[in-house]
Amino acid sequence: MEEFQQRAQVLIEAIPYIRSFHGKTFVIKYGGNAMINPEIKKAVMLDIILLKYLGLNPVIVHGGGPEISEMLKRVGVKSTFYQGLRVTDADTVEIVNMVLAGKINKELVTMINQFGGKAVGLSGQDSQLLVARKKQLDNDQVDLGFVGEVVAIKPELLHFLIEKSYIPVVATIGVGADGEFYNINADTVAGELAAALKAEKLIILTDTEGIYADPQDQSSLLSMINIEQARTMIHSGQIEGGMVPKVEACIYALQHGVSRTHIIDGRRFHTLLLEVLTDQGIGTMVVE
Amino acid sequence: MEEFQQRAQVLIEAIPYIRSFHGKTFVIKYGGNAMINPEIKKAVMLDIILLKYLGLNPVIVHGGGPEISEMLKRVGVKSTFYQGLRVTDADTVEIVNMVLAGKINKELVTMINQFGGKAVGLSGQDSQLLVARKKQLDNDQVDLGFVGEVVAIKPELLHFLIEKSYIPVVATIGVGADGEFYNINADTVAGELAAALKAEKLIILTDTEGIYADPQDQSSLLSMINIEQARTMIHSGQIEGGMVPKVEACIYALQHGVSRTHIIDGRRFHTLLLEVLTDQGIGTMVVE
Amino acid sequence: MEEFQQRAQVLIEAIPYIRSFHGKTFVIKYGGNAMINPEIKKAVMLDIILLKYLGLNPVIVHGGGPEISEMLKRVGVKSTFYQGLRVTDADTVEIVNMVLAGKINKELVTMINQFGGKAVGLSGQDSQLLVARKKQLDNDQVDLGFVGEVVAIKPELLHFLIEKSYIPVVATIGVGADGEFYNINADTVAGELAAALKAEKLIILTDTEGIYADPQDQSSLLSMINIEQARTMIHSGQIEGGMVPKVEACIYALQHGVSRTHIIDGRRFHTLLLEVLTDQGIGTMVVE
Amino acid sequence: MEEFQQRAQVLIEAIPYIRSFHGKTFVIKYGGNAMINPEIKKAVMLDIILLKYLGLNPVIVHGGGPEISEMLKRVGVKSTFYQGLRVTDADTVEIVNMVLAGKINKELVTMINQFGGKAVGLSGQDSQLLVARKKQLDNDQVDLGFVGEVVAIKPELLHFLIEKSYIPVVATIGVGADGEFYNINADTVAGELAAALKAEKLIILTDTEGIYADPQDQSSLLSMINIEQARTMIHSGQIEGGMVPKVEACIYALQHGVSRTHIIDGRRFHTLLLEVLTDQGIGTMVVE
Amino acid sequence: MEEFQQRAQVLIEAIPYIRSFHGKTFVIKYGGNAMINPEIKKAVMLDIILLKYLGLNPVIVHGGGPEISEMLKRVGVKSTFYQGLRVTDADTVEIVNMVLAGKINKELVTMINQFGGKAVGLSGQDSQLLVARKKQLDNDQVDLGFVGEVVAIKPELLHFLIEKSYIPVVATIGVGADGEFYNINADTVAGELAAALKAEKLIILTDTEGIYADPQDQSSLLSMINIEQARTMIHSGQIEGGMVPKVEACIYALQHGVSRTHIIDGRRFHTLLLEVLTDQGIGTMVVE
Amino acid sequence: MEEFQQRAQVLIEAIPYIRSFHGKTFVIKYGGNAMINPEIKKAVMLDIILLKYLGLNPVIVHGGGPEISEMLKRVGVKSTFYQGLRVTDADTVEIVNMVLAGKINKELVTMINQFGGKAVGLSGQDSQLLVARKKQLDNDQVDLGFVGEVVAIKPELLHFLIEKSYIPVVATIGVGADGEFYNINADTVAGELAAALKAEKLIILTDTEGIYADPQDQSSLLSMINIEQARTMIHSGQIEGGMVPKVEACIYALQHGVSRTHIIDGRRFHTLLLEVLTDQGIGTMVVE
């Protein structure tokens, strides 16, 4: 019992956070390598269920990563890359869509429902949530195929599901005016969605601790950077690779009315709760 | 203009039907070979959009058929069959789920949205719409794997979506208490769903004209049969193959409060409108 | 069946119009000679019922014309006219009111209800829908009696009936602050009502094809004129007689937020549907 | 001020009645000779407005009487009578309808609106409020023409209007399945409507003090009679003429769930308030 | 009956007031010596109940006065005064709170409920209705203890209760950020509350007839003064003592959107009704 | 961080309880000696706030005990007792009411509001929540004065406050038909209220660990007893004193539809959370 009493303290101390976040929307990007460990995946889903019961409104945006590659391999589709972006032909986008919207999405939904939440899986086609178009590179000579960018968000369905106590889980396939499907970067969608929903926070769970001043030096984790610093670091290459769209999503969200954005470690247990329900700073907060 | 005036007549004559079906739910099973012709597929979606605008509440239940087989072939999964049922191992159900929930479902949703409706795609995992379990054969020695049967329907989400003017599109993957996915016959799901939603009608679009007294004789189409006759015909083998679950779905729906059930030809244009908005009997009506 | 399939096409092609007009209000002026043919009258009512079922919100404004004259004759009241306006003494306005609010209004309501709609008849007295005052002529020496003009519209009751799925049918009797009844031109009321309801369209059904460049030349029908042209034509006398208040009602509506105004032929079948549900221009559209 | 203080007492003493009748419906029949004196008519309307402001829901049912006869005379229609009922041919019913729905109804509505209430006038055609059929006499050889009886009441519209704070004013013209109009006795309609609305009270304002034990003896006013006594008195002829349908309306209402029914003097000021807001019995109460 | 008819007139004449005040909020300050006479207290409560039934929304703010002094005496707490303000130590504020929130408040609530209304008693602690802080005198050297001033009003709970037909009764204890209780002048609270609720009127019932030009001369009652005059009179001492916070409450309310403010005699019967429901000016109206 | 992760586990494990208790009402009796320690009092309030944020609906019923005695002493009122019940004269009930409704109630409300909840304090007078009458002893010769028993609960106000996210705090003063105040045992009120609200649980926080088989033997704590056992123990005197009304409240609640009743130790931290959010049995559960 004493142990319980000590532990209950964590809840009691969270009251001010619970109170101030009551009824607010939190867009949580979850995906890629942070999604590999099944124990952690379960813990993340439980954290999200708990946030919902505490009166917050989490919206999950997920990517796919490894499972897409694996399925492409199984059906024998080979990918070429241009500047780190997968050239996505019709065959590829069909597989990407099936893996994201048909497999990963439904697995996350199933986990949430199994552990006590009420989730609904959506992808950008549903109620035209994500209207997309072909992403244009500056260099016109490379055709990335069905790699898309967001033209418009139609969040009505999300608002309605949130109000009815569901946890929406969003696969980041967009749909063009022509009915074509486009694969869109999940970090980018998370930033756009946070903006469209006027979210309180955008939280990106990833497979590092956050942003490092020096990527080689794990002791150089930055607890906070502002937009200007972030841009300088992207320009200088200090922020690079998959971290770039994450930081850009944070910047976009901040510039469109989201109060706080965070890049935190999705490989450790309950970092999401720690971020939301305590004053312990973890990961990197990107601020205006 | 004169032509228009003549044509407008079709609308005017439909008023009594529109009136009496206002706000009622119609479960429409669409799938298999009836889904192959893209022109017809578009016409079916347009009919459904129109019914929605006329104040009726269509709910689409779809199967997969040919596309599943094709994808299984692409990934090199071979199927064995037992009494016409595909033995569905873990690999197979993963593919089935991806094709149904990730591909066909989202394609139907996209078509509806593109042509002027507002659709949301769901599969049985979403909000635990279809709670399933492993289907037990009488003969215990054959294990069909992840072939499922419905344990419970949780239609709350469908009610919400209908009320908010969405057209729900349902992929027939069920989810077990253990979180496993099960492939369930789409006709069966349509019957169960019609019952759970207390639908006005269950309409099964298929690739024949309806039920024939003599399957070999196309002039023997039956415009109406009752439950008893239907059972006799199943027993005698007059109704056989894929028609059996269709007829059984009708019987189940009728016995659980659905007013009318119809098996109609999904290969011809606007048979759905013809069935709902006129007094011209088409296909076979199964009655109590 | 083939015939039906062809005809169904008319509905399918109407989907974009149904969609974009969903929930919008349409003020439809119907009266005078366009109302004489009982077959056409029935067809107009059916068109209106259908528009309602398609999710549009028609509001009918009607005049009286021939039936008023006939009743005045029956009770032996003689009318004098000044500049085309009936000098309306107390006896006359009593008859006008009875014929409009008690006879024509209730007959239209009855037809709509009989053919499958849900109509409620109102006149300007109800919930003070049309607050009126004595119409002042520039020339003070002629007293038109109880000929009125609109002082204020109180549309609350209409909004409420529309929301509850009723089709309001409005007789154009206004009521003064003193409780006196005033006869108001029905075209004028239709224009004011369209403005007050922020209607999508004002459609005036009349007994010509529309506005002619040369009233003597039936081939000179104008498919569109703007406000400036309309004013010039009124000034020059090209638009004259009963067409003047119709055009002025259109101008008033356009200047108070109504998107489109149309003067169309009410003597032919289904011109209303043709105007609303197709892109075939009929009659004359008056635009800003 | 002292005078006011004394008078305010009447309000204070009414509180228990106001409280217990809050939100309850009162069907008030008003018509015939009780309607002739304009000062009294105004006072009755004011009483009704006040009851509405006090939270009660009055519904007015009115007849026509003298004004119908006068208009029939003006248009030269002669009436024959059979057993006190006017034989009503097509011409007659047209006039009756116009006078009731177009004149008297709108005049009452106008008075209420002018004195501070919010009234809407309806007749049986509106939203099919009063579905009627030809009244059958036992003696088949006499055809009363368009004299009707109630087949069904559709009170939905009344409920809506009451809820939105309107005072409904009902003219007693019924509409047949064939669209024909029928003149129905206003007392009868009041009784049916009270039953359909599950009214708290049916109050019939008339031009006598109530029911007399001996119609010749004004001192024999009965303050209360039960259904059995009422029937005996009708049978014996003690209750006769226009009082018969009044008493039968009370009986009908009582037998269909109305709590109290009253026949009171409509020729004196504020008898309505006196009946509803005090414990002073006036007129005759008919009880089960 | 004739007497009743005369009296009913008072109600009828009140209709325009009832109509224009429908759904409006009236903050009524009641307290001190005006509360002593139990017959008057009952009459005031009845007036308030009646206003509620007539569709107005009274909110009662009460003080304590004599009963506080009596209880302080019983428990042997002695008070010192500074400039007419009671120096309020911890012991004193505890007693003040108990008498106001526990005794007087619940007695008023009980009377209202007993006589036919539905009251709920609140004090400033409830839902943090009155957020307070220590009142600062210009002269820092005197510590008044727990005498408070309003920092913020949180009227959400009042809005809810009003909407649900309750009459809120408010005791004027405020609560500090530190959880301490503060005694706040009831007139001041009434003014602040009227402002926060955007009340139609603030009515202060007191134990004089209103404001006198010359306090010594009872014939010098002022029926109306404006803010500027009021300030001059406070400055000159013509308005003094307990009348000062009353007038200041009126000024505050007027400057924050309240339409009318009145100081009237609470020692006479039904002055509240007289003020609200007639055009007889009583007491003093303070205007902008 | 590791410590947090461990602690977060307590929340995660609570999800099934949070889920199944979502939207359910919990009546929590708190009072007497369990209320003395200010640290514990704060902890109890925090537990209750947390339960509210977790979606449960706590309703607090409190007694007074020591503070009442102290105030009676201060004002010099002496109490006599009969069979453990305080003989409560008019002076006494006045003090009891002030202490309960004016002091303790408002202090609990203030604490909850200060620590992040939204509380409203009520006593039985508010909206006639607790209708009471004089408690009759079997022995007629002793007059206990204003000691009351519950005649009726009017829970409408509580339902409404709960729905609007408030935590109601109830002081157990009842009000008689005559407007008199009665002191009612707080355990008894808690049981009646739990029944009237159809609560999920009644939890009585007290100053022992629960019910002992042998009150002298602290190791004899009973984790569960049924109604029959409880009655036997009361009869035999094993349950005695202040525990009797607690157990009787549990029995009453169980017999009127409350699912579970618990008597737990209110002197230790977070026992309330432990009881509600874990499967660790604490205290004594009384079951049917």
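Order as written gives the chain letters A, B, C, D, E and F; numbering starts at 1 within each chain.
Here is the rule we use: contacts are C-beta pairs under 8 Å (C-beta built on N, C-alpha and C of every residue); 3 or more make two chains touch, one makes a residue touch a chain.
Here the structure is a predicted model, which means the values were calculated and not measured.
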Touching chain A and also chain D, the following chains: none
Option in D-E, E-F or B-C whose residue-number contact pairs overlap A-B by over half: E-F
Interchain centroid distance [CA atoms averaged], chain C/chain E, Å: 55
Whole-Å gap separating chain A and chain F, where each centre is the average of the chain's CA atoms: 46
Set of chain C residues in contact with two or more other chains: none
Chain-level touch network, classified as line, ring, star, complete or other: ring
Chain C residues touching chain B - in the complex, by the definition given at the top: 1, 4-12, 15-16, 18-19, 22, 43, 46-47, 49-50, 53-55, 115-116, 268-270, 273-274, 278, 280, 282
Touching residues (chain side chain C, partner chain D) in the complex: 71, 74-76, 94, 97-103, 105-106, 109-111, 113-114, 118-123, 125-128, 157, 160, 164, 166, 173, 175, 179, 181
